[in-house]
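Following this line, the structures themselves.
Shared between the two complexes below is chain A, which has chain B as its partner in the first and chain C in the second.
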Partner chain A sequence: MTPPPVYSTNSTATDQPVGQQLVTFLRRVRVFLAVYYALMIEYRGEILLWVFATALPLIMLGLWYQAASDSTFALSPDAMLRYFLAVFFVRQLVVVWVIHEFEWEIVSGRLTPYLLWPLDPAWRYVAAHLSEQLARVPFFLLVMGLVIWMFPEALHDTETGTWWSPKSWQLLLAIPAIYSAWLMRFLIQYTIALGAFWVERVQSFENLAMLPYLFLSGMAAPLDVFPPLAQKIAMWTPFPYMIYFPATLVTGRATNIVQGFAVITAWIVGLFLLNRFIWRRGVKNYSAMGA
Partner chain B sequence: MPIIEAQQLSKSYRVADKQPGIGGTLRHLFRRQYRHIDAVREINLAIEPGEIVGFLGPNGAGKTTTLKMLTGLIHPSAGRATVAGFTPFDRKPAFLRQISLVMGNKQQLIWDLPAIDSLRMNAAVYNVTNHDFKQRIDKLATMLEITDKLNQPVRKLSLGERMKCELLVALLHHPRVLFLDEPTLGLDINAQNTVRQFIRTYTQEHQATVLLTSHYMADITALCERVVVIHKGGLLYDGLLDGIKQRFTPYREICVELEQPVEREQLATYGEIESIDGRRVTLLIEREKLTACTARLLDDLPVVDLSIADPPIEQVIGRLFEEGHTA
Partner chain C sequence: MRYLKLLLTFWHVSVAAETEYRSNFVMSALNSMVTLAGAIFTLSLFYQNGHQLGGWPWHDALIVVGLFTILDGFSQTFLTPNRTRVTELVRQGTLDFVLLKPVDTQFWLSFRALSLWGIPNILLGIGITIYAGMHCEPPLHWTAYVIGFIPVILGMILLYSIGFALGTLTIWFTKLFNITMAMQAMLEAGRFPISAYPNAYRVIFTFILPIAFMTTLPAQTMLGRVEWPWFAGSAIFAICSLAFSRWFWGYALRSYTSASS
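And then the complex of A and B:
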């Protein structure tokens, strides 16, 4: 038998030198982001609605501003405004919807062609999320501009006469904090989504997980207003690091940064390992329905 | 050495059985009943590099399940398979780079974007260089006659154009082994011909191996010398396409043109009547009786013209599926 001819010049990622692997990786990042950004722009009307759909922090802003004006809380009314504006900002960058996509792809068999790629399908979802964030930017900046126009106190504390002035290192740290928050949220939701390999419909599990997320993340109320023991316990769960921790950094208030990043790292590593463990078992259970 | 090999490959599923009505629904809720389905039963297969093999069987025969096992999409319940030297379900990137699966009823193109965007993604995934990407797109798109369609949103393309784009995406990385599941499903005659020609040219140029399922016998007769037939999960036949007729058709077709019509009862004494169209009669005659029967026909009836042929392959395959012969 004659050996088959050389079919292509495609090289595998692992047989390339490290420099070339990096070039391959960056090319994939560039192409994936460009393609998914183009796709998200197609859905621009829908994205605007999604921005409004995630405006719970702005409702909370109004409620807590009024409550803080009438009573004494750990945060002043203007600090409340600033906090919830920061929560809205962080929330826009940590929106995760992988479970909807994954469940649909499992049920419809759409996952099939992507399982045949020599690349983990998770990268597609990551690219889609990051591109969607990018497409969201002008919309949520517009909404934030409107809120600041309505509540200029958010930038200028009338009680203390000081302007919103976080330290530059806090803002710098807010960037990894926000993307770690996104990654944690993504890993939690994606891990739940993998349940679709067995039970097909998994969104109800995500709805259940939304409950602690809503209350412990700081989206409904800043953790500062929680009793001290509840605060202490909450800070060992992943939830405060998905909203409260990055939002606190954005507002420039003091927070335990070392503990914050240590807990985040531990959760990300744990969730990642759990995710890969379930993936390996789940993919064996895939029946490629409808395909 | 075969490039595709399956030994005793089997797949069984557990499916929940639900009776209709409210009673059935309640019973299903509290005491679910399951049954096992043997979708594929102990299939043995060996395909050499460069072969184009037709994979035939009625709906539900287990064709797609077999393809899913050979591409590593699903885990076999028993038996083993190797494709291009790999165990498919290990899903190693080096294996996935060498194969492609095209399904006529499924698409991987991004619906709301032009096909060129899906192609760019695949090029990045398979690490096809920009130079190769351009060259391959030029060549493959020309062969498929879709050069001017690549920049249109996929949702605006016709079914045939979409299928051609799917083929282009699937072959961009020049796979060695192609699994084609109904690639011409729903296409018009012209599009079917283009796709067939494209598959033939691609496999010749790249010495690719193809396992092709199709309900259109024209696809099979145009592309495959060898066919594998499965029925109810089991292998019925594996051999040359022409061999099917020899093996599963113990009869031949005699077409007779008569001077004047003859009574049906009289015609039935020669063999099974397949059709009567005025003075033209088609009879099915058992192979061993063919010579004697032909002589009798010529002696007894006012024959103007007579021809003997094998029945059309569609008919043979149809009978084969209906009767479910064992190999």
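And then the complex of A and C:
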């Protein structure tokens, strides 16, 4: 894989007028996304498999739908369907894999040429992730369509007895919620990945740190059905904000919206500062493979 | 006999290589414990307001979780390390060297590597299964574990065959090396009794991706609730899929052209 060409080298040219800088920046964003999107399209088959590999919410959808149909739970069967469809959707957009890329680039020494770019390497990963999300869209929409076809009740609201309609203002807020959830997840993984400057096999650390993600994020069960104490404990971890919070916004059932955004923002700021601190230390410590 | 000797040598070498990374073992033990705790926590959420998941009492469902954990450990120990290797060999074209060896290729590819990382899962799974069996209504007799062991073995054979057949696909589609990962994710459904799923799911998990035969049926056998046609069906299914994986590998090899040729 050859690195995409750099279109502008004067990123430090602060003497340019602000408008000019903005144009340069936007052009760079466009080029980056286009290049990485083209790259990702080549891996369509794998991306389809990735959609299946992240199908856990759909398995849980079946279980919770059946359970809510047979007994009384905090959510009605149709609300369960919508919740897990939203979880599946959010899950597709918050997938992060920067650690694989970064660890490999460190171990193989490929990071070195990128350090010479007039651009922080983090931007390449961001672009790759955003393009991969885009390449995923048709696949997961197809899967979601299939699920709705299997369970048409998902679009029917038993509480009001009419078709379900999203609360549009919550749906709008879901967009920043999903992307800040993604950013938080990305920063957590990227910060752990920076450990690769010092130790090998950082992935096992990440796996360990993310274990509670499976059952505290709201992927295995909506937090509404947690016992009160477990719910409180979960809300003190960053995990529910990666899945549960955006998913409830999508379905229009969110409460504590301000608190949710406040917590995510706090995590993002903290992680960002930590990440930059470790990055600077790491680069100093880094002696490239074979150099 | 020759193959048994080979098998022992393979495993000896693998274990020796693994012990170099002892800290990994601690990691994977921690990993297994947290995952199991999470699974039990999730299962407990279904037992609110008098609900019983799929009509299974708590300790019965716990047996399913235990059997799944055993199967997961088995897969980590014996299947996954080999599966990743097959796709790697095809991609790099080094499969040629394996084909030239005077050993059955499928045997070599299936048993060459062994990883100790699955051991904590196997032990934890056995522990949970025995614990749950003791607290069932009525408690299980030791013979129940012995009889239940047979369908567990059949489930392992089934799991192996499907995994190997999917891995074989990489002979044609080199880029499909994520396919076994996708399968692994779908297998997660086996953590819960099949009767807890809606009808459409049950059909899929019985006939298309036969998860029902891997955990639910063995648990039913242990609990003495199995219908014998299903038991026989599971045996036939396992043997047929094993035969299929064998035939499919031979068939795929005919169109193997090695990398870059």
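To be clear about the criterion, the second predicted complex is superposed on the first by the 271 of 291 C-alpha atoms of A that agree within 3 Å, B and C clash if a C-alpha of one lies under 4 Å from a C-alpha of the other, contacts with A are read in each partner's own complex, and residues count from 1 in each chain.
Throughout what follows, a residue touches a chain if its C-beta (ideal position, glycine included) is under 8 Å from a C-beta of that chain, and two chains touch if they have at least 3 such contacts.
Since this is a predicted model, take the numbers as computed values, not measurements.
By the touch criterion defined above, A:152 reaches neither chain B nor chain C.
Once chain A of one complex is fitted onto chain A of the other, the partner contacts of A:39 are limited to chain B, with no touch recorded for chain C. By the touch criterion stated above, A:287 is placed in contact with chain B alone, chain C being left untouched.
When the two complexes are overlaid on their common chain A, residue A:270 makes contact with neither chain B nor chain C. Of the two partner chains, chain C is the only one that A:221 touches; chain B does not reach it. Once the two complexes are laid over each other on the shared chain, residue contacts for A:116 go to chain B alone; chain C is not touched. When both complexes are overlaid on chain A, the residue A:31 reaches chain B alone and has no touch with chain C. When the two complexes are superposed on chain A, the residues of chain A that touch both chain B and chain C are 43.
Of all the residues in chain B, the ones that touch chain A in their complex are 1, 3, 13, 48-50, 64, 68, 71-75, 89, 91, 93-94, 96-101, 103, 105-108, 110, 112-113, 117-118, 120-121, 123-129, 132, 173-176, 206-208. In the complex of the two chains, the chain A residues touching chain C come out as 43, 45-46, 49-50, 52-56, 59, 62-63, 65-67, 70-73, 150-151, 201, 204, 207-208, 211-212, 214-215, 220-221, 225-226, 230. The touching residues of chain A, when paired with chain B in their complex, are 1, 4-5, 7-14, 24, 27-28, 31-32, 34-35, 38-39, 42-43, 109-110, 112-119, 283-284, 286-288, 290-291. Against chain A, the residues of chain C that register as touching in their complex are 24, 27, 30-31, 34-35, 38-39, 41-42, 45-46, 48-51, 53-54, 173, 175-179, 181-182, 184-186, 188-189, 192, 196-198, 200-201.
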